[in-house]
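Here is the structure we will look at, set down as structure tokens.
We call the chains A, B, C, D and E, going by the order they appear; numbering starts again at 1 in every chain.
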């Protein structure tokens, strides 16, 4: 297929699927799910193809497509993928089919699948657009499907949660629009053409000319929007409600994909557009990140609602990601990006499992579950693996990202990293405690009869667990595709603003052989032991 | 050059294969085939290790560090970490006894876990543990070691809470993992600091860089201290030792393999591995290690005196013995540390398996007060147990004597007070082990005696009226016998008499990079010290006999409650966690609900309230609307009048 | 000699009286009358300016204002009549069903 | 006598630009005659069809005028009292569309309520004529007359539902306040006349350009009074109080016309006078608009969220929309004007659609306008609910609806004029407002329908109208370029060629 | 002379206006409105707007006020309005303030701004009518030239008022009107 057309196809294929579903007659409701699965799976396949076709040595945007859209306003249809966005796209492509397969809606299946597919289009659009307005459009429009998913198929308190989610996030992005316009209009004055444009790349290249203070204000307006989406402490409180009330698929997508819109935005539109400002505010942001790590963990420990607990664990994990991003060096940013994918997989899987339990027990209260491992060993085993990955056990995906983040952060801001590392302890605390309360112990009558995973659910968990292990053992394919883009980003920042990305200074390569040549006399002066 | 050494990757590959196979078809294999498969894998792994060992011996004395890299693991920016194995004397020594003892314990487990519904799962975990342990040992960089480090932690978590239906086991597992995590934090930060300092995590590169460019003593000290935190967590040193006694909740083979022979020694291994950095750090750092070790050793020994659970006694003795090893490391006696590690692996595994056999025979009862006179009924067990007892008590020529003596010698060289306290610890060791042996195998059988039972009922939840203690199946006794043999003769691998019989010492030299400490005094002093040690241990034994056979002193006066309650360290920690700690957590949660989220909802209500207030202005009376318009008009006029010129 | 300002101030006064009247009276008809007062004030202003500017525009405007006033009154009274058919004697304050 | 007429030179009248005016007014009068002559032989649908035809005719005739204005640039005819420029044509087209759609919406409604059909349409078209006059008036008196024509007709339309007390109450309120406000407006005109010596915007603009009147008391007072009048028409705080009551009381189709048409005409007049006429002294009035904008945004959105009647909710939201449009006015730039035009078009679509839905849902007697009457609409009438949702989201400014681009353009204009804080406040108000649209959506989708709700009958006319506006909203939400450039080309200025 | 006339008429105008505002009986209010209108007419004469003076009398006094009176009689709303009470709290106080404000500010503005540029009037005429053209002629002249559009527009205005009057005065079917009134009272 023609390279430049693949991205539009990826973005709009789910939408087409949604349209198709809309046209299905109510009488033939059995075909709804197959169609939804098929479209999302096809999209997933395309994203995988994209990953395969992606040139891993090229740090620049690939598969770009640029056509004028709203000329008078300088808005263009500009999409492209680079190492930074690639795996988020793949993650989206992978998670959606799984989420759709995993759980069936109790009612109004048609609307349900339509919204999910629309949501997928929105998320893909966010990750792929290289035009500020285009990005903003997708960034805003994802609220609608998620709002309806939570509102129509959520749990008891869904209206409150949905509205809170909608308004909170909208409030965040409200100011971003102003910031965006300010940026573009100011850039117009500096640009040689005098034409207004929202083209990300052009704006980024002229980023140096912005007055420092202005740039900082604009950055703040962006950062706020993303901070809410991430969410960064203290603007995180929409998240537990939304996650808890959302239907399982909703939570999976929310945690797996939508939170990444924020962190992705921070990289793509924070660091890239505002090198100086992002460095200026970095201390603020990674401090908040570290607070989030500890705070999220502490609050999670005390939750009585299993889903809520997982939700708060997201706060902690995303704190790590923010910390990595704003240590502004290769290790940190790559760790952050990697962790985005990892968190998507592990937390997505966790929400799926919690959802499975909910379908069986119709409760999320930890206190009402006990000894489930007896009743459902397979479920428990999968849960253990996912949990350990979320705890950051080496050999599973969670660890690699976390370590890279810590390495980057440590190089940049030692003490923050030291504190953040303590989050590792807490993570173990709340998850293991929850696991103990839910799965260990002797099951009572209510829990003894709980059925184990069925084949469909196993089918869903298999790829997730597989990826969790694979990325833990062999993350290289991901990292090596990210690296050129990340380096390009850092170089861009250094060019624009002439600062040195904090990093380890080069050391001579050496090994035991060299060591011997260096100290060939060692061991000779051994005084005899006796 | 040598192909044999290149086989090093096989060593962990075997258990890993075991894990995968069992995961795939463990259920179908069922008992006992699953167990045999796992054991076979460990055997294979042991053989591979031997081959590598042979290959390594084939090398020149100072070219015995071979790095075999499989593939790049985390290549990100300046950080480049491989999945690579370091085959050098130290790692292979460790690998040898890990696989060897491991294989035996696997075999033992086949019998021990007979009839357990989680039979194959148990062996999955065991193999997984062996794999992680070998990664820990063989990894050629800190990160890979850390992988093994955390892996063994996770496995111990899984194995401790293996019988998860009992809450106690579950929380013991959690406690172990979380406490370990505290240590891991130290390890993690140490790695970060090492990465920042040396720009790499590979041992070779770190040491090379250290040798060539040196490093600030303060940095080195920081790294070591952080590593010490990690090591203390894993090797159950004060104050992170609290998890180990609880860990006895797991099946006994687990205690033997993980919490005696292998995992808990990882801390010692790590410190030994990083010896160049210890050498590069301030002088107080080794001393710190030393005193931590000593303190732990002494404290644990005193506690062991007062324990009544056979496994608890052994657990505290393990803690104490690990303390010895730390003292050795601290005093630069790395060889002694490893030596003691090896011998300890043998006799402590032996003791645990013996204990397991006893428990097995006593249908799961672990309270030594209800034992007694089992020697007749469990002949093999008791014989082998005695061997282990003599070994740990430090009675020559049993292995324990040699290693402990060497440590004492170095301690003496470092600091006389230290030596004295360590000696006391050794005596205590002899004492409480004697107590254990006597109460278990000799004296009148108390397991039929009603009145003791009645008294025991108070703390033991189940009294067992009619018991028929019986010897264990051969799968369990064979390992006992083999380990007993090793425990007796293992001393020969490092005899002090002359440098050329100081095999282990010479063998380990390349790994120690010339940082091995040297005794500052001549052979004469050593003889004296050795004799003192012997006397001490014999004294301990006889004291034990005096108390527990002849009843010269009322045991109750020795088994002081304060000791029985493990110096209350555990309680203090628990009280803190359950008290202030928990309260702080709850406060934070309330803060989140009431302040952070409260602010959000408050904004909402505020907006709503304002709306309602404004609503009052909409009276529905046309004249007040008109008034509004008029007021507006006046307002505009007022604005414009300010712009008018007069 | 009377300057234009006198007329203008008179107009302003008239306008004010009309406005205040509309605010204080409850009878719709009288409110309309008050509107008429305001319009008259405007007329006076127009004509004064017209004279000062020596421009006929002012007077023409007044002509149109008269037409508008007439039309307005017709419609207004029609509405009042319709309301009164349903609610006799209704004052402006009585019609406050729509509020909030 | 002859000699006299010889000396009176009737000005050369160029008819082309006047055709839309004539068509609209003429259609009304002709309809009036037809029905009064042959009323009883006519089918019920005739007046509606006629009105639609008239509206379309106006659209058609507007095209040549647009071309003319495009070729010759802005100029004025009839002795400078009627401006011919893209701006006026844009508004004329908008009004024509409003008339067409309102006619469609009212079809069925009038039968349901058994109201006097022909008169309704006659008044509708005459009112639109007034709007057209306002939009293209270059002479303050013409503008005033246009405004009065517009308003008088609407007063009657509002009050004409004789079976509903609310309708008449709304009528009298609107009338009294309207008369009151237009008295202020008129006084303003007089004062401006006094200050500049001209009633013609061209003259006024010239006067202000040639000499500095920025501190002339008469001019300033005049502007103040004019703002009162216009502020009333566009329902800007503090001249807004009538809006909710009138919107609630008036027959729903009339409201859709008021929200779309009357507001548009009001803003057209406002821009014509202040941007084109008083452009020179923009510094004097911009701050006032700033204040009005903020007040309208705040009050509109804050009061809307506590309402329980859909018509009232929409009324208050229309106030906050007025605030948004004022943000564009405040910029006082060409882009600002363009953004206002775009916003007016987009808002017209949303408003007509929304009130059309209300018309359909409210049921006999036009009573069921409470939020509860919408509960569970999604399950009763999925398509209707979906369409309404689209319109509401458009009002909330969600991407891929015309409403988003409307806000986008307005904010752009404001930022370009460096009024950052106004832009920020506007966006915040938009978030607050979003909540109330969500409330309606929640009612439709997330609430259960009450079982004994009567089955909804959707007449053809409203159905068609809603379909049109929804498609419009979505189409220009996805590809706003045509409408944007149209608004951009709709130049409003008075640099004239003599005619 | 002019001064005297002005003072007298001003007095009448204001008196009438106050009468409208203060009269409790609508009829009286209407009559005092007539007074105002007459005074206004004379002032028009003073300002050389002879034609308008005439129109003022005919249209206003003649037509509009009569219309008012008809309606008052028709509806019998000659009930006295009690001005001593003000149901809306603060209405009067605010009204007074507003009144003073409006008046004061208006005066201030009027005095601050000089009546603009005599140069830019569209049409230069000697409106005193001393020349060959009478005031009426001049108005007519402008009306049919410059203001022809506005003049035509008034047609629409009047049509609306007629249609509006018809629509509003259209009676509903007896029955439902009865029940309407029934449920109203």
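The rule we apply is simple: a contact is a pair of C-beta atoms (placed from the backbone, for glycine too) under 8 Å apart; a residue touches a chain by one contact, two chains touch by 3 or more.
Model, not experiment: these values are computed from the prediction.
Contact with both chain B and chain C is made by D, E. With centres computed as the average of Cα coordinates, no chain lies farther from chain E than B. Set side by side, the interfaces A-D and C-D show unequal numbers of C-beta pairs in contact, with more at C-D.
Every chain gets a centre from its CA atoms, and the centre nearest the mean of all protein CA atoms is that of A. Rounded to whole angstrom, the centroid-to-centroid distance between chain B and chain D, based on C-alpha atoms, equals 79 Å.
If each chain is reduced to the centroid of its CA atoms, chain A and chain B end up 35 Å from each other. Averaged C-alpha coordinates give centres for chain D and chain E that are 28 Å from one another. One inter-chain figure worth recording: chain A and chain C are separated by 67 Å, centre to centre, where each centre is the mean of the chain's CA atoms. Annotation for chain B: residues 615, 618-624, 626-627, 630-631, 633, 637, 640-641, 644-645 touch two or more other chains.
Listed for chain E are residues 88, 91, 94-95, 98, 102, 105-106, 108-113, 115-116, 118, 121-122, 147, 150, 154, 157, 160-161, 164, 167-168, 180, 184, each touching two or more other chains. Within chain C, residues 8, 15, 18-19, 22-24, 26, 32, 48-49, 52-53, 55, 57, 60, 64, 68, 71-72, 75, 78-80, 82, 86-87, 92-93, 95-100 each touch two or more of the remaining chains.
Contacts between chains, counted with the stated touch criterion, involve the pairs A-B, A-D, B-C, B-D, B-E, C-D, C-E, D-E.
Partner chain B is touched in their complex by these residues of chain A: 164, 168, 233-234, 236-238, 295, 298-299, 301-303, 329-331, 334-335, 371, 373-374, 384, 388, 393-395, 399-400, 403-404, 406-408, 410-411, 414, 417-418, 421-422, 424-425, 428-429, 432-433, 436, 439-442, 473-476, 479-480, 483, 486, 503-512, 514-516, 518-520, 522-523, 525-530.
Contact residues of chain E toward chain D in the complex are 105-106, 108-122, 137, 141, 144-150, 153-157, 159-161, 163-164, 166-168, 170, 172, 176, 180, 184.
Across the interface of their complex, chain C is touched by residues 615, 618-623, 626-627, 630 of chain B.
Interface of chain E with chain B (complex): residues 88, 91, 94-95, 98, 101-102, 105-106, 108-109, 112-113. Contacts from chain E toward chain C in the complex involve residues 2-3, 6, 10, 13-14, 17-18, 20-21, 23, 26, 29-30, 33, 36-37, 40, 43-44, 46-49, 51-52, 55-56, 59-60, 63-64, 67-68, 71-72, 74-77, 79, 81, 83, 86-88, 91-92, 94-96, 98-99, 102-103, 106-107, 110-111, 115-116, 118, 121-127, 135, 138-139, 142-143, 147, 150, 154, 157-158, 160-162, 164-165, 167-169, 171, 177, 180-181, 184.
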